[in-house]
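Next come the structures, one after another.
Next come two complexes built around chain A: one with chain B, the other with chain C.
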Partner chain A sequence: MSENVLEIKHLKTQFFTRKGVLPAVDDVSIEIPAGKIVGIVGESGCGKSMTAMSVMGLLRHPGRVVSGEILLCGRDITHLKPRELAKLRGKEMSMIFQEPMTSLNPVTTVGKQVEETILLHESCSREEAKKRVIQIFNEVGIPEAEKRFDSYPHQLSGGLRQRVMIAMAMVCRPKLLIADEPTTALDVTIEAQILELFKRLRDETGTSIILITHNMGVVAEVCDYVYVMYTGQVMEQAETFELFANTCHPYTKGLLRSIPKLSEKVDRLYTIRGVVPNLLHLPEGCNFCTRCDECQKRCLKEQPELYEVKEGHKVRCFLCEKGGA
Partner chain B sequence: MSLAEVNKERKALLTAEHLYKEFPVEEGKKKEAVHAVTDVNLSLMEGETLALVGESGCGKSTLGKTLIRLYDSDGGKILFDGTDITHMKEREFAPFRTQMQIIFQDPYASLNPRMNVFQIISEPLRTHHRYSKEELSERVYQLMDEVGIAREFANRYPHQFSGGQRQRIGIARALALNPRLIVCDEPVSALDVSIQSQVLNLLKDLQEAYQLTYLFISHDLSVVKFIADRVCVMFLGMICEIGATEELYENPLHPYTRFLLNAIPLADPALRSEKKTLLQGDIPSPVNPPSGCRFHTRCPYAKDICSRETPPCRTCGDRIVYCHFPLGEERS
Partner chain C sequence: MLKKILKRVLISIPVLIGVVLLIFIMLRIVPGNPVVTLLGEHVNQQTIDKLSAEMGLDQPIVVQFFKYIWNALHGDFGTSYRMNRSVTQMIMDAFPYTVKLSLLAALISWTIGVVAGVIAAIRQNKLLDRLFMGTALLGVSMPIFMAALLLQYVFAYKLELFPISGYEGFAALILPAIALGWNSAGSIARMTRSNLVEVMQDDFIRTARAKGRTESGVIIFHGLKNALLPVVTMMAIQLSSMLSGAVLTESVFGIPGIGRLAVNAIEDRDMPLLQGTVLFTTVLIIIGNLVADILYSVLDPRIREVK
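Our next item is the complex of A and B:
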């Protein structure tokens, strides 16, 4: 089990709002093996970012982790003091945030910003730090790295800014990189370049990567394992090929069928009926029961657990209670 | 009937000839311009969906808005239903304006937050028609039925709706004046997949019911494959290629089209290719676009002539391609 860089066990993160307690992350368990890319996929508001923020210790009021454990390389970091967590961030684990423009300082050159990250965590001279910045810029495919060192964020294209973010996250060689929608704002040709870069980083540096996305195509393209989330819960998890070849959960099936395919011509698209329920007013039974085509009486009353249909393939649906669906 | 035959029978609803649109920018002391749309020629056939695809900043929205005269063009001609509307005065243009509507990407920003659903949908009706109170509400409710917003929500405000519902409200507003052409500017890009498919189906149903013509702007080539009859690929303000959807996807003639298609992440790991041929480099600046073929700085097939001369328009059946070395020829 020590192979896992990160283990999230039964994590519950809630927001204590004036209107009630909002279960943003509800009993989520995720394992990140060394040197693998793990995808967390799901629609807006399903808890992808808050799972990541819980791991990084960056939840803001009124949100907090109410139970569960987070183990980084076997060490329990769930209850670390903010100061101790800050030491881990950027060094042991780092994150690329969903809004790239807000996470770079507009008035400092990108080179200096990456340099600061090094100086914060390691004792080395400025010259040496600069050398390493230029090296990492080269590694993440920033052309004319030396010239780019002195560029300000607004002088770079979206794709280059994202590479700077990746450089900053990777420069201290963390064991875990969390990338929250790293390509959503980018064009397909640039997205493809960045995805290639993630694969290369995984293969060449052995970094484990959590890739948060709402795009099933991105998952299929680069992830080794996938977790499908809905309303704060993991609905289905499996190795990527298994998930696509043997999709079990009605929600995952619905998602995959809703996407227009390049390979077939259809007149109408499949739709999952209805909308995602308000997290403050979740149905009594299965969270997906209000939209599910296979919903039965029991689903309206009881909550399904994650049932194992095959080794490593788990599904939160009563249809899978006795193994495969 | 093949699509080519269908197109021959259909007439062009909107045609652009040598259309230009520039935005002045101040770079230090020099006065320069963003060449957002350069020498664009295209026709929208009555009842078809023409998709406009290409990367961010290539001029899709600008072209869409220039075509329906939300922007004034800086050169060229626009014909609507055979009439030259390029320089029409506002009063003369008014009856045309109601026939061309637009739906925007961001259902959050494009609806007035201080108006309720009824007011939003009835606004265009009030400015263009003299309906009685009863007629007005009848028409608004009918539009709400049409797009699938329950009548009891008429008094709600935009923030009380989900993204998909807001997009439906935007569509109802666009439909109010019985337009013939709707420019759909990334109408589903901000929506979750499960909601995206609902809205795409709705757009298709409405097109069938009212013989609407769509200019469908998108950077999602899977969505385009589903909705479009023909596709127009743009790069940095200029057209690369126009063709029937199936054929263009099957057999792209412009190198850029092929790279775009190659880059799409497919939702099937079995199709994962170990070595993808990816386009290198970034998109050049539209302020000083590359000479000749604007794609030549990124194109692996570029030869001398590509940086010297703008590629001529070549046609092959109903395919149009602007490239000195189209891919088809290389193969034959």
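Our next item is the complex of A and C:
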């Protein structure tokens, strides 16, 4: 059996709209090793969430996986029936979302909602399930867990709701947790706490975590390995330290330059020029060529592949074709 | 919660007084003297005056009004001119028929409405959805008397499956119940569909899918639980308006309920009886709205807390 909890091989997810076919995820290969936190970074609409939704089997019409393989613990789950896939969700793999304010059912107590996950996947009595809910509430740092069991979502703060979501996702001890921008809607102090919680849960339970974010700071803090995505493609992938120390792709460089630094005084923050191209009208060559500062003639004509510049560090850029930038 | 209910009850008192005042004035503005109606055209003035005095109709309208309110507070709603019976008694005799009819109508229309609404929502924009919603639109827009006459013609007259009119046991209630529930079924179906379609777009539905619920589980345990909240409220209001007398349905099918009582009272210029039925109806509607309000706050925890 492989060490990787999740392997995505050449995944293509497309949306069949009236205007045309949107390549939301374009030939993405991702490996999630056991017990690691892997970051997927990119701007809005770069395919981060759609990659996650494809893995979870949560794509809605008109989107679907067109080709590629998704292996969960070595088992191909790409073509499972909806019922089979539902059995895996919440048990083997689970997901938490960006909007803690609206992601919980408003008319059911949070305790019951977490309990539901247990009762769906395991045969145990209600009392036992309730005990486990209170236990996981304590684990994810919800104060007065027993009292909170009977709270409704609107009675909790955003941070607490996100903790409830994490409790719901973790209660069956899944092998894989996908966190889709889990801290974007929270303020910075809560964000730090939640990130700490992820690290602790990973250490205690060995769950692998995919952390989807647009925040390079978050990546630097918790991720072991990073994938940078743009227009549905992986542009650069490397271990976190390597990526920050030895950034190769112009897009990644741009993202890093956009982070304001306290040590420098600037009038305007750096931005990557231009906007993300419409997925229906991608440029002929490299997807990033319209915004790239280092664009060459060749970039306009040909699509670069992922070139390995070092072991475990791959870059989709002609500048790195011969290895190293 | 108790405070809220009490507050609502207190607010209803001025509404009731207003309604009584309105009926009182209106009944005295409309042409036609009830005494003349009662005695016939060819009676001399003396007899008319004498009877008017006996019935207290010669007194100023203000005095009549307060006398009526005073008696009503003591449970006496007067005596029917025509039948010479206690109005309270007549209403109590008629009410059970209306209750049976309304409950049956509610049962039929809500079951059909909710089931059709859910199916339409799941098959959104597909053939079944179009079919159900088209029928629902017909249900909402077709007047009750037309539905009633159509049903009567087809099922009672042509097919002879049910009695045409009159109250002879349960079978006689089925056609009137369908006619009465016709509009309700349509509006419940439309409301269920639109609410469910909307709720199914919500983020917590995605959460329910992510935790491993199958699609039908998601719809039943998360979708419907939210989508039916406003529908239940609407049902309470519908039931109260059905109970307050289906004037048209009861007339067409000859059911001796509250609605027929009111129609007869109008035809006979039977003022005490009419006042009584309208007052009774008003109270029912007020109670219905109150129940709807309370139900909503009981079912929705977000509203429960807002005092």
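By definition in this document, the second predicted complex is superposed on the first by the 322 of 325 C-alpha atoms of A that agree within 3 Å, B and C clash if a C-alpha of one lies under 4 Å from a C-alpha of the other, contacts with A are read in each partner's own complex, and residues count from 1 in each chain.
One rule holds for everything that comes next: a contact is a pair of C-beta atoms (placed from the backbone, for glycine too) under 8 Å apart; a residue touches a chain by one contact, two chains touch by 3 or more.
Since we're looking at a predicted model, the values are computed, not measured.
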Check your understanding: Looking at the overlay, what does A:168 touch: chain B (first), chain C (second), both, or neither?
Key -> second
**Study point:** First, second, both or neither for A:157, with chain B first and chain C second
**Key:** first
Practice item. In the overlay, answer first, second, both or neither for which of chain B and chain C A:105 touches. Key: second
Review point. Once the shared chain is lined up, is A:116 touching chain B (first), chain C (second), both, or neither of them?
Key: second
Practice item. Using the touch definition from the top, say if A:271 reaches chain B (first), chain C (second), both or neither. Key: first
Exercise for review: Check the residue A:254 against both partner chains and state whether it touches chain B (first), chain C (second), both, or neither.
Suggested key: first
Review point. Looking at the overlay, what does A:90 touch: chain B (first), chain C (second), both, or neither?
Key: second
Practice item. Go through chain A and flag every residue that touches chain B in one model and chain C in the other. Key: none
Exercise for review: Would you pull the chain B residues touching chain A in the complex into a rising list?
Suggested key: 55-56, 162-165, 192-198, 200-201, 204, 219, 221-223, 225-227, 246, 249, 259-260, 262-272, 276, 278-283
Review point. Considering the complex alone, what residue numbers of chain A touch chain B?
Key: 43-44, 143, 157-160, 187-193, 195-196, 214-221, 240-241, 244-245, 254-256, 258-262, 265-272, 275-276
Point to revise | chain C-touching residues of chain A, taken from the complex the two chains share | key: 56, 58, 82-83, 86-91, 94-95, 97, 99, 102-108, 116-117, 120-121, 152, 154-155, 165, 168-169
Review point. Inside the complex, what are the residues of chain C that reach chain A?
Key: 202-204, 206-215, 221-222, 225-226, 229, 299-302, 305
